[in-house]
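Per-chain residue numbering starts at 1, and chain names A, B, C, D, E and F are given in the order in which the chains are listed.
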Amino acid sequence: MFMHNKRLQYTVRVSEPNPRLACLLLEQFGGADGELAAAMRYFTQGLGEEDAGRKDMLLDIATEELSHLEVIGSIIAMLNKGAKAQLSEGQLAEAELYSMVGQTGTSAKESLLFGGGPALIDSAGVPWTAAYVDTRSEPTVDLRSNIAAESRAKIVYERLINITDDPGIKDALGFLMTREIAHQKSFEKALYSIEDNFPPGKLPGVEKYSNMYVNTSQGEGDMTGPWNSGPQWDRIDDLTEVMPADDGDGLATVDLDSADAKVVAKMAARLASDATSDPTTGVDLGAGPGAGRVTDGDFGGAATIAEAPAMAEAAAKDERN
Amino acid sequence: MFMHNKRLQYTVRVSEPNPRLACLLLEQFGGADGELAAAMRYFTQGLGEEDAGRKDMLLDIATEELSHLEVIGSIIAMLNKGAKAQLSEGQLAEAELYSMVGQTGTSAKESLLFGGGPALIDSAGVPWTAAYVDTRSEPTVDLRSNIAAESRAKIVYERLINITDDPGIKDALGFLMTREIAHQKSFEKALYSIEDNFPPGKLPGVEKYSNMYVNTSQGEGDMTGPWNSGPQWDRIDDLTEVMPADDGDGLATVDLDSADAKVVAKMAARLASDATSDPTTGVDLGAGPGAGRVTDGDFGGAATIAEAPAMAEAAAKDERN
Amino acid sequence: MFMHNKRLQYTVRVSEPNPRLACLLLEQFGGADGELAAAMRYFTQGLGEEDAGRKDMLLDIATEELSHLEVIGSIIAMLNKGAKAQLSEGQLAEAELYSMVGQTGTSAKESLLFGGGPALIDSAGVPWTAAYVDTRSEPTVDLRSNIAAESRAKIVYERLINITDDPGIKDALGFLMTREIAHQKSFEKALYSIEDNFPPGKLPGVEKYSNMYVNTSQGEGDMTGPWNSGPQWDRIDDLTEVMPADDGDGLATVDLDSADAKVVAKMAARLASDATSDPTTGVDLGAGPGAGRVTDGDFGGAATIAEAPAMAEAAAKDERN
Amino acid sequence: MFMHNKRLQYTVRVSEPNPRLACLLLEQFGGADGELAAAMRYFTQGLGEEDAGRKDMLLDIATEELSHLEVIGSIIAMLNKGAKAQLSEGQLAEAELYSMVGQTGTSAKESLLFGGGPALIDSAGVPWTAAYVDTRSEPTVDLRSNIAAESRAKIVYERLINITDDPGIKDALGFLMTREIAHQKSFEKALYSIEDNFPPGKLPGVEKYSNMYVNTSQGEGDMTGPWNSGPQWDRIDDLTEVMPADDGDGLATVDLDSADAKVVAKMAARLASDATSDPTTGVDLGAGPGAGRVTDGDFGGAATIAEAPAMAEAAAKDERN
Amino acid sequence: MFMHNKRLQYTVRVSEPNPRLACLLLEQFGGADGELAAAMRYFTQGLGEEDAGRKDMLLDIATEELSHLEVIGSIIAMLNKGAKAQLSEGQLAEAELYSMVGQTGTSAKESLLFGGGPALIDSAGVPWTAAYVDTRSEPTVDLRSNIAAESRAKIVYERLINITDDPGIKDALGFLMTREIAHQKSFEKALYSIEDNFPPGKLPGVEKYSNMYVNTSQGEGDMTGPWNSGPQWDRIDDLTEVMPADDGDGLATVDLDSADAKVVAKMAARLASDATSDPTTGVDLGAGPGAGRVTDGDFGGAATIAEAPAMAEAAAKDERN
Amino acid sequence: MFMHNKRLQYTVRVSEPNPRLACLLLEQFGGADGELAAAMRYFTQGLGEEDAGRKDMLLDIATEELSHLEVIGSIIAMLNKGAKAQLSEGQLAEAELYSMVGQTGTSAKESLLFGGGPALIDSAGVPWTAAYVDTRSEPTVDLRSNIAAESRAKIVYERLINITDDPGIKDALGFLMTREIAHQKSFEKALYSIEDNFPPGKLPGVEKYSNMYVNTSQGEGDMTGPWNSGPQWDRIDDLTEVMPADDGDGLATVDLDSADAKVVAKMAARLASDATSDPTTGVDLGAGPGAGRVTDGDFGGAATIAEAPAMAEAAAKDERN
């Protein structure tokens, strides 16, 4: 059961209202790597976990992330406090309100739809979706996802700290960022305290495919590194070797019974294209005097930059008449 | 630039059509951990990468994932081949088609909307979304996300292998699953060949918060482990200690100029609730003879299981008249 | 700050595993009227609220909804416990697993992607979205939304109770359902303790439009009731009266400067359709021997039911050859 | 059956084109509380309604909301008329077009993708989703949702009126806002003309939980009001009383048969974490010379504001070399 | 199987970084008509296609679209190159970063979440969704969708070319735009080389409804053209003629068995509204001194423009006291 | 302005309730090619259209599609009528209700969340999204999209007709399907009555790229047809010819000023991978006794089918001990 104390986990001291900055911070409130995603990732894992130690850790961290959601949401509420009241009371001149609300985009939606309250949207105004939560109910998988998620959250906080100069906000973001570092360390400990955590799951891989590196992107810039060379790798540069990787014909087949085979043939016949025809098409019908028209010049590229404007000029003049 | 060869990376031999199984396999075609998500994760990273070695690796693996998308999509196409033709030609009796199409859900959508073709939806019929792609343009973050993503893909393939008994499909899924293992190994090598990869990004954490473990979930079941105990952790069990973690008052505040402060006060006054009132409400208006009605029994729980059906019985009898 | 105690707000006693029932209960975990939506609705309102009493109430109820999320998630985890382990250990025969996983749809996704853990999806497998959260930061609006949301949650619990016969689950759902009733009562009290709560907001309506009822749907079945008749309503049956409602011409116009007007005219001229032409179209090109074909019969309706199958029969026979 | 007359329900007179303002108004065209959401909410309710009076009312109001969608869409079309033509004809200099289109966000999408036409997106460019429609097919629930929805729409119109100074637009928005007030009144009448409308549905609540108020958020700021105090409430401040609310142990349990129990145990054993270990982790591997680095300073908070820039300065200088 | 060569299909020469322009170009990377949508549309069609010629064409064009995705993504990466590094290294002053990142919206999300890398979002920051892919597995349908999709992509490129003045970008966009024209021509050829491609599918239409044009929108502005007049059309202006179009009563009915009929009647009775009542409602409760207040003036429209500001002035003055 | 008459455009006579069939029909109510998508596509085009003839046609057809939405929604309401009442009154035994509601997926959501009313979801339960609406405000583009959309809707109706044997439903679907054919004909007429409709828009293509066909998919199965051969095509089989298509180096470059160049270099240096290292990785840490394990067998493919079960058997036996 959850309980709440009205004191925040970190004191929020905002220097002055700034609805635009509030929109940036929404990234960590209702964004992909924000605190709700973190809380829900660990909470759903914790509910289904059999290992008592991991379950405890997951609920500890999930609960802390809810407190972080409260901290970041409180910063946003403070940054919007003036704008919210001005909107509510409608006493500013239109121009002032218009400027405060933002001309389009997230800040407009924040003001017009959400009235300046913290909303579970990201910095572009996109609603939070549980598609961000990648719990898979296998601890050696989920802990890796958690490690990655903490890394992502850390870097987003770092970017936010860099663009903010309000010292109270910087402090609070610094606290939140550091906690992601601490959580990553916990998840790493939990992962490696499971013996035999790689590969995740129970089924082994097939030996001949597990050390193969397929060099599918070739040309100038082809490189080697520990990820594709050295004794543990069987690097394949001749792509026809892996086409197919097995000893088959590289085709997709299915055994159809005769009824299915017959109706597939019927469908194919009914919808066959006549590859030898040269039919008149809608394009031909639609080609008016200028239709299908092409230019033999570029659109202004390096080689033709001098002529291009002239061409456009001429075309424009032609059309103005 | 991409090129394509009509041979698959792995030969697809399907024993017989099975539209229901096809729906399960959609999870790896248009699902959260499917091959499109993988390809797009690495492709978007590769486009923006400055390190020539990682860029090459990312494009290699992205391109291979596209080939995997082709393999899994080809299996789905084979499993649906008969159903697709039967639907197209409309020659089955209704009952047969109805049964083939599925009564509701993914298989219905697969048949009715997508006509039996492979569609970028998951096994529940939800369209693929780029919200699954967690590229953040910071290699020490992205490589961790890639490691986690490969783990997730591995476990989903393992689950699919367990529920399938078509040997050709098992073989192809085994190949695909093993390649995820190999890719995870490459990404691990790439991560650890970046010196100083933790914490990700450039800003350090704040020392006093980086080793703190907050035991927010308490009660029977509280556990210790390497993730919260030992010399590196400063574990906090008395939650008031971290409420707030800094030396402030744990409140959220903002400095408002006098104009803003005035309008906030005005708004608050206008919308104040009268905490001393006991207003009549819509609930009171709506409470008819049976409204607001409650039962003093349970709904059939362990203790009252004997009486509950009788109660329901009686109520039902009452209503039947 | 949030805290957690490992005891649930209501004891969860599940009689036996039932992954299918778990999928139905997902509606209240990750569905539109589920507990996450409730918690986030009140939490976001609470963060931005100025009135101390309402803020306290909103955080109280938000926190309780998180505890409900935990209860419903725990039921789901129990119902899936066996299936999750069987999937993880892969020891069942394929047919058993196949049957357990479900053939398509939510239960497939629950098993294959989420491994049997509680996931923030609804009963059809659609991920939770913050589009469900309708906080608007105006208390006379938000409290009405809360009242409605509690009503919706109540009815969904009622439907779930009706389809479940596990007494422990019925008990827990009965508790959760009743709490929604209690919350609705709190929100009603809070709404009506704001004097002058209608219309919401500050701007008054325009008198002549505020009592007008427009009878836009006419024909047999036109009815009267307190919502459209009586002294307070000005009911309009002659629709031309409100077309337009003001004294204008009912057209949409904008004053363009001459530059804009000129380019609009140019665009209109360039893209004008020749209404007097009768052009050959793609349809004409595509009309093969059977194209554009129509039947003068119905598809089997009441009047023609006898002939319809024969017709289909004949057509089918024709095609089989 | 629907019919259409080319005159609008309210005359639209726009003073001058303004694509930015058009983007704000999209909130009521394709936004969460916009006219499509309203029309579809009442239309889906009307189709399934058994009560002839309510069905008539729902179709009346649904149809009127479609007319409102037309009014708001027409305003948007007028505001974009010049920009649309300029874009189409491509005669402006790049800088002018660039400025007209907007640099990023909604106005860019409106211009580039939608060509200046009214689009079913909100003011942040997010496509309309039926997740906004909360029809539940129970009239005492749906009417409450309708009352809330009309309140939300009213406040959004009020905010739009406040930021617009075009008198023709203000007039039309005033009409639309007032109609929401009138609709709310109709829905209230319809709700209360159902006797016994609370609690919604048919199942009563459990008495002992229906008057309980759980004070889950405590600390300074704890308040009382009619929503949690007075004779009708049983307020619980000692949270251990409701942990659990029933007389159980507050745990989640399920009865597993022996086969399931065995495989759960096996899974748990295989994936157990060794809580006594202190494993080396990826973090340890990744900690280069500066990794795991922390700072003992704040990021510039109130107390340390003087030093913080200096610290940053120094760090930056260090890095510039 | 896919392969990749590190050379692009078209050389990308960007004159200077411009993160704002990068956001506009995202429309063709992760937008509705962008290159991923194109590639996936043709790829999913190709996988399921039976006709060898069309299959080859679909895979050819799908593969080329992937190369276009790479070109457009590379332009975006170049435009963001400076901003990405500045963000990563955090050396700019806050104001500079703040201005570079953008104040809200897409460019903020691009910078803060995606770190300046190309992301699969559109110009408003909305993630790509497979809902854009309209493959239906019927070639006479899909080829029409492809023709339309190429047209849409063409016009979006045209709009982008018009707002850009970087010659290298204009060149590359001109190449991409032209390829859409070429692809449309291929799809048209493929459609019309299927004999008998209209109507799509196999079932004929019902004759009496296939030439009927229903003039549902009437009033000033009613027009004729080849789409609704001429010998092939049976135009219906008297709408009661098509209400219903068949010879029935225009009602919706279902045959219920007596058990169902009884319970429907019971439900209807329980939830009947009393159309003769005039109940007190929540609106009445909520109407304080100013509630339900209306104004008899307009909000500042053409007729009342002179008085409106005065009214607002007065109201405002009233409130300031 | 819209008006409504209570008679349907086509009489709906349903033989008996069938909630499962109702779920299939949702595809045309709230699905991608359903009637709401159609209505909104034409309505948004009509609002912004300058050509009076096309505007009239678009509003005519948009309005008719709303009437179709009403017809299909009414069929769904009739099919669900019994289930809705049984759910509402809660009088069936659990097993009956459970069976009626459906075990998981769309029918569960339809019953539990939507109470049996028609909901704007598709046959898999996914909410309708305006991402389905592809209006682009350029008539030669939009009319092609409309033609394609009508084709898609036609084929989905055909598939529904094939799986239904209720004669009244077949009749109504036949009517709706035929109207899509008629609408396609209107849109074709409108497209070709615009002279010079290809390529869409105003900018011509670049000549040298407009007739080029790039044979990017090669190998067995390479085909020719009118879409890639004949005098109008310049077919490129040697892919290095189009790599790049222009005369550049096929690389992506941007001119950076020296400040940007410096910081890019700094970032690259900081994050460089050491390609010559062979670092220990998390995989190495996680490799327990069985970790990194691979099998040299297949998973049961054609060649090894005899051994595979034995292997699995043995493994299972091993694990059972």
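Everything below uses one rule, namely that contacts are C-beta pairs under 8 Å (C-beta built on N, C-alpha and C of every residue); 3 or more make two chains touch, one makes a residue touch a chain.
Just so it is clear, the structure is predicted and the values come from calculations on it, not from any experiment.
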Check: What chains do chain A and chain C have as common neighbours?
Finding: B, D, E, F
Next item on the list: Using the touch definition from the top, list the chains contacting both chain A and chain E.
Entry: B, C, D, F
Note to self: Quick check for you: after a Cα superposition of chain C on chain D, what is the rotation angle, between 0 and 180°, in steps of 5?
What the structure shows: 180
Note to self: I want to confirm something about chain D and chain E. Since they are copies of the same sequence, is their interface symmetric in residue numbering (over half shared, so same) or not (under half, so different)?
What the structure shows: different
Notebook entry, point to check: Hey, how far is the Cα centre of chain A from the one of chain B, in Å?
Noted result: 13
Checklist line | For chain C paired with chain E, centre-to-centre distance based on mean C-alpha positions, whole Å | finding: 21
Note to self: How many angstrom lie between the centres of chain B and chain E, each centre taken as the mean Cα position?
What the structure shows: 25
Next item on the list: Scan chain B for residues touching two or more other chains and write them down.
Entry: 1-9, 13, 32-33, 53-54, 56, 59-60, 62-64, 67, 74, 77, 84, 88-91, 104-106, 113, 115, 121, 124-127, 129, 131, 136, 138, 140, 147, 155-156, 158, 161-162, 165, 171, 174, 178, 184-185, 189-195, 198-199, 202-203, 205-206, 210, 216-217, 221-226, 239, 242-244, 246, 250, 264, 266-267, 270-271, 273, 275, 277-283, 285, 294, 298-299, 319
Next item on the list: Using the contact definition from the top, classify how the chains connect: line, ring, star, complete or other.
Entry: complete
Next item on the list: Within their complex, state which residues of chain F touch chain A.
Entry: 140, 191-192, 194-199, 204-208, 210, 223-226, 230, 246, 273, 275, 277-279, 282-283, 285-299, 301
Check: Quick one: in the complex, what on chain A touches chain C?
Finding: 1-9, 30, 36, 40, 43-45, 47-48, 56, 59-60, 62-64, 66-67, 69-70, 73-74, 76-77, 80, 84, 88-90, 113-121, 127-131, 133, 135-138, 202-203, 266, 279-282, 285, 319
Next item on the list: Can you check the complex and tell me which residues of chain D touch chain A?
Entry: 20, 23-24, 27, 31-33, 89, 91, 102, 104-107, 122-126, 155-156, 158-160, 162-165, 216-222, 239, 242-244, 250, 264, 267-268, 270-275, 277-283, 294, 298-302, 304-305, 308
Next item on the list: Could you please specify the touching residues of chain C with respect to chain D in the complex?
Entry: 5-17, 32-33, 52-57, 59-64, 67, 74-75, 77-79, 81-82, 84-86, 88-89, 91, 129, 131-132, 134, 136, 138, 140-141, 144-145, 147-149, 151-152, 154-156, 158, 161-162, 171, 174-175, 177-179, 181-182, 184-187, 189-190, 193, 198-203, 205-206, 209-217, 221-228, 232, 239, 242-246, 248-257, 260, 263-264, 266-267, 270-271
Notebook entry, point to check: Which of the residues in chain D end up touching chain E in this complex?
Noted result: 1-7, 13, 50-51, 53-54, 87, 90, 94-95, 97-98, 101, 103-106, 108-109, 111-113, 115, 121, 124-127, 138-140, 147, 161, 165, 167-168, 170-171, 173-174, 178, 184-185, 188-195, 202, 316, 319-320
